[in-house]
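Please find the structures below.
Paired with chain B in one complex and with chain C in the other, chain A is shared by the two complexes that follow.
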Partner chain A sequence: MKKKKGIVLAAPAILGFLAFYFIPFLIMGWYSVSFGMGKREFVGVQNFTELFQNRMFLLALKNTLQFTGIAVPVVLFGALGLSICLQRLARGGQVMRLALFYPLLIPIGAAVLGVQALWGQDGLVNWFLARLGQRGEDWIHTSAAFWILCILYWWKFLGYHILLFFVRIQMIPRPYYEYARLSGAANGTIFRKITWPLIFPTFLFNLLLALMNVFKCYREAFLLGGNYPDSSVYLLQHFMNNSFQNLNYQKMSTVSVSMLAVILATALAGYCAWKFSASKRND
Partner chain B sequence: MRAKKREYLLPGILSAAVLVPVFYMAACSFAGDESPGFSLMGYYTVLFSEPGYLLRFWRSLAMCGVIAAGQSLTGCMGGAAIAKYRFAGSKVLAICMAVFMILPVQATLLPNYIFLDRLHLLNSWWALILPGIFAPFGTVWMAFAFRAIPGEVSEAAEMDGAGMLSHVFHILIPAARPAVITLFVLSFVESWNMVEQPVTFLKGVRQYPMSVFLASIDIDRLSVQAVCGILCLAPVTFLFFYYQQELLDGIGESIWS
Partner chain C sequence: MKRWLLLGIIFVSVICSAGCEERTQKKEELTVVAELEYEVEVKAAAAYYQEKNPGAFVNVEFLPKEETTRRNVLQKKRTDIMSGKGADVFFLSCNIEIAEGYEEPLLENVNKSIESGIFTSLDYYMDQDDYWKSGSYHKKLLEAGQMKGRQYVIPLACNYFVYVGPEDSVIEGKTLWDWMDETGTSGRKELTEGTVFGLGIMNARWQQPAVNYEEKEVLFDPDKWSKFMLEYLAYWQRSHEEEAGGADVYAVANICTLPDQLTGQETKANCQIVPDLNGNKMAAVSTYGAVAMASENKEAAYDFLMLFLNGEIEKEKGASYAGLWYGGTRGAPVEENAWESFMDIHYILNEATRENVVNSFRELDGAYFPGETEQKLYDAGDELILPGREMSGEEIQELVHKAADRAKEQYSMIVRE
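Right, the complex of A and B next:
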């Protein structure tokens, strides 16, 4: 009885999800293994092998992996460290947390305005360089664009992760720490033995959101460099967007399906890690 | 435990630094286009002389309100179903939604496009509203939030004869109020800032909501651009200050216990 009710309750969410995301995605799945205009023929993994020989795709893949590999760990561990710092502050911590969260709300158009002011042709960085007698550059169109994108990501999402970590750390009972201090444990040991195991599930949830946000960063890259930016920030999303505009549906579908496979595999690994940590905690 | 001065340094500097672009934009909005110096021309142009800007602003605001409210509603219902009424396949559904949540907008643009084309909804704002309302993010978010509410609360409600709807709307949602409000704010911000969907689903600049429009304003008219930026910032800033307490304890408190 209870179970049937649940389906009714979830019906709007399920139906909307099926209609707008899942079923259309199955169509994409079919596109990714077939070829031809009008009548499509099954071609197996041919689209995939072609995709993985495409130079632009490999560049985009490399950049996206690099971006994820640098941006995500920094934002997660930075946020974790800062939330521990903020815990120790007697006053002003709330204001700081709110200030750090605020960039998430700022429209991208406005953020890009700020980037132009800093790294643009007539920007602040070039002004400083000119005073030092150096020649400036249009940084947004050089390989420095990669780091600008990283800074934008950190600027935008650091506060969001701090908010999530902070409350969880605050909920760890104080006596745990007092007891550890009394037994003479060092700060590092306290973090490893008390804080880290307790916040690990939160960490995974943050990781999930951070990965989601990595893919959202395309807007920034797009508004900075258009469809064909500097090759250091040519991301998978550029590749997909350009395929979409060329009406190359099967290329785009192939990318999406590959992406889904990678995310699924990662999610599975994450789920196993979570189960593992849960079973360890229960011991 | 009294904090030392040194400990304020890093967080303090960082939280001041992240706000610099906002102050910069505010400063730009008072700049004159022709002559340097203080000027209110930007505000005059946007607010009074050209009604196009404000009209677009109100229409975008209404659209994002609808998306955020719809997303919160479907998110609460779906999340409650997954967290509290474990039906057959609810776990698979949750994982499926979480995976689709991570996928970039580009991956779901084509599926959305195909479906909206069938429904003849392309080139109207419904093409932005419907996928926004049914985004899997809300359900995943609320499922996490509701899971943290102790089972005894639901059992007590059931003993008192509360039906399913009153259980969800009178017990669960008030108990997870900060998380619901945070979801509302996040999905409002998300739709307020969307770029890819309007560019793909709509034809013509006239239809574009505020977010895309902001990016397409002439760079030469810096003050107009900055004023539009501030106009864009106004609603989210209002939400931010109005719900600051919920945001502070909201995202975390009810989710992890």
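Right, the complex of A and C next:
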């Protein structure tokens, strides 16, 4: 009876998933192997072949991976380090947390204006450079745009991750640490043996959020550089958005299917690794 | 559990299939999507079509001008087109870089849209249509709307820059370099003064076509553009040192803005198309028409499209319905026969002048679809040319190179995408 009730209660969500995600995804799958509008023609793997020969797609993929590879570890380990430091802060901890969390509440438009005020042609950085007798640049339209985007990402999401780590670390019972200290454990050992194992699930959760936020950063990149920004910040979403502008549904679908395949493969690899390590531990 | 899941799937399938109802469009029903500026002409064509084809119904959807409404309508229209039910025929326009304000187009890049498979190939219908055998359409303009030798888009109006001056003031140069040498070093200050402004505002056309979409190749050479811009700025400086009153006699202007020097019965004016740095004489497409790949009435859609070229409506309703170039300042005709009407309504009355104007059209080597890159290049060039700037020679050089490099990068991103 309980089971049936559960199914009834879950039915709207399941139906919603089927109607708005699963069936559209199947349609998208068809679009990725066909060409045209209206009556579509089956073209096999041609769309995939063309996609992986498309230099802009490869550039977008490289940039997105590079951005993820740099922005995510820095934000996660930075947030972890700062949240540990904040635990030890005797006074002003709350103000500090609020100050770090605040950027998340600022609208994107305002943040982008701030970036332009700093790194634009007439921005503060150029003003300082002019004082030093150096010539400025429109940094947003140079390869420096990549680092500007990274800084924007760190500034925006660091406080968010700090908050999540901070709360989890606070939940670790104090006696664990006291006992470890009494036993003569050093800070590094305490972190490795107590803090890290206990916050690891939170770390994974943060990792997931950080990865999702990397993809959300497209809005900032778009507002800073438009459809065709400097090639260093041309991301996968630029490729998708421009394909949408040109009404190239097959290209968009092919990218989506490829991305899903990569995500599923990664998840499967992770699951296998976890299973393997679990079986080793049991042995 | 399994029963519930099965029921759920059946329920969803029923709902979905209810949404995907069979297209019950009548055979003669046509949906036309057009820019609002063509409202009069397209409505007249729709009425004419319905009159000639009893039982046919033409549903015309105009794209609004107001920015926010337009953006929303465009988004919806794009989604409709991608799902295969947007329209049968399109009458759309491209932005002219010198016009004020950039209006978001339905299709950002026409060539890329052709690649996406939005439009149907018109070759089959064109082969059967006598108009293309005997009509006066400038065939070289058609190439702009082709891909892999097949015609997808038909330019319906175009614009290009012309030099206008007294009848005997012929400029011999083959390229824009030669032209600038001739007008800038001729010793005739009036000629220099009259032409300098126009040569500058066509900076986005100094090298066209800038891109070969089929070969995925960028033809725009930033070094060439920069070098010419720097020369031009010096030329501009020289021409402004003293006023000679040449602007009343000579001009380089877009054919659509119809310089005063061309109008009137008595004026015998020379009118020559201005070549680009490579000697190409290209027109920018202002208006184009196409039939959707998803259309179920392709033949009827093609017939409707051709109403703006084959002169049927003009015969019935008068010169005001000669084409989508009529009345506006966005485009000139793409077929020679229509130039008579074009010149009549714009008061180009002198026979010798008229012949020179038509000759400028005949000399066209081809056409291209202008887009956002041209707009940005024009804006960058405009900033440099604007008088009153206080920059050192080094700073100007840097800005010129930067503008050219950015254009090159954008072109190459577009073409490789």
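We take it that the second predicted complex is superposed on the first by the 261 of 283 C-alpha atoms of A that agree within 3 Å, B and C clash if a C-alpha of one lies under 4 Å from a C-alpha of the other, contacts with A are read in each partner's own complex, and residues count from 1 in each chain.
We take it that a residue touches a chain if its C-beta (ideal position, glycine included) is under 8 Å from a C-beta of that chain, and two chains touch if they have at least 3 such contacts.
Given the structure is predicted, the values throughout are model-derived calculations rather than measurements.
Asks: Which partner does A:19 contact after superposing on A: first (chain B), second (chain C), both, neither?
Replies: In the superposition, A:19 touches chain B and chain C alike.
Asks: Check whether A:35 is in contact with chain B, with chain C, with both or with neither, and answer first, second, both or neither.
Replies: A:35 contacts chain C only, not chain B.
Asks: Which partner does A:197 reach: the first (chain B), the second (chain C), both, or neither?
Replies: Touch partners of A:197: none, neither chain B nor chain C.
Asks: Considering only touches as defined above, state whether A:102 meets chain B (first), chain C (second), both or neither.
Replies: So A:102 only meets chain B here.
Asks: Looking only at contacts as defined up top, I'd like to know whether chain B or chain C touches more of chain A.
Replies: So, of the two partners, B touches more residues of chain A.
Asks: Taking the superposition on A as described, I'd like to know which of chain B and chain C A:88 touches: first, second, both or neither.
Replies: First partner only.
Asks: After superposition on the shared chain, which partner residues are touched by A:167: those of chain B (first), chain C (second), both, or neither?
Replies: It touches chain B, and chain C stays clear.
Asks: After the superposition on A, what does A:7 contact: first (chain B), second (chain C), both or neither?
Replies: After superposing on A, A:7 lies in contact with both chain B and chain C.
Asks: Per the contact definition in the header, classify A:240: touching chain B only (first), chain C only (second), both, or neither.
Replies: first
Asks: Once chain A of both complexes is superposed, is A:249 in touch with chain B (first), chain C (second), both, or neither?
Replies: A:249 sits against chain B and chain C alike.
Asks: Starting from the residues of chain A touching chain B, keep only those that also touch chain C in the other complex, and list them.
Replies: 3-4, 7-8, 14, 19, 23, 244, 249.
Asks: Quick check on the complex: what are the chain A residues that touch chain C?
Replies: 3-4, 7-8, 11, 14-15, 18-19, 23, 35-39, 54-56, 135, 138, 141, 227-228, 230-231, 234, 239, 242-251
Asks: With touch defined as at the start, can you tell me which chain C residues reach chain A in the complex?
Replies: Touch residues, chain C against chain A: 1, 4-5, 8-9, 11-12, 15-16, 78, 81-82, 84-85, 107-109, 112-113, 115-118, 292-296, 372, 398, 402, 406, 409-410, 413-414, 416-417.
Asks: Please output the residues of chain B touching chain A within their complex, sorted ascending.
Replies: These residues of chain B touch chain A: 1-3, 7-8, 10-12, 14-16, 18-22, 24-25, 28, 73-75, 77-78, 80-82, 84-88, 90, 93, 95-112, 114-115, 130-131, 133-134, 136, 138-139, 144, 164, 168, 189, 192-193, 195-196, 200, 211, 214-215, 225-226, 228-229, 232-233, 236-237, 239-240, 244, 247-249, 251-253, 255-257.
Asks: Which part of chain A faces chain B closely enough to touch in the complex?
Replies: 2-10, 12-14, 16-17, 19-25, 27-28, 82, 85-86, 88-90, 92-114, 117, 155, 158-159, 163-168, 170-171, 201-202, 205, 208, 211-212, 215-216, 218-219, 222-223, 236-237, 240-241, 244, 249, 252-253, 255-256, 259-260, 263-264, 267, 271
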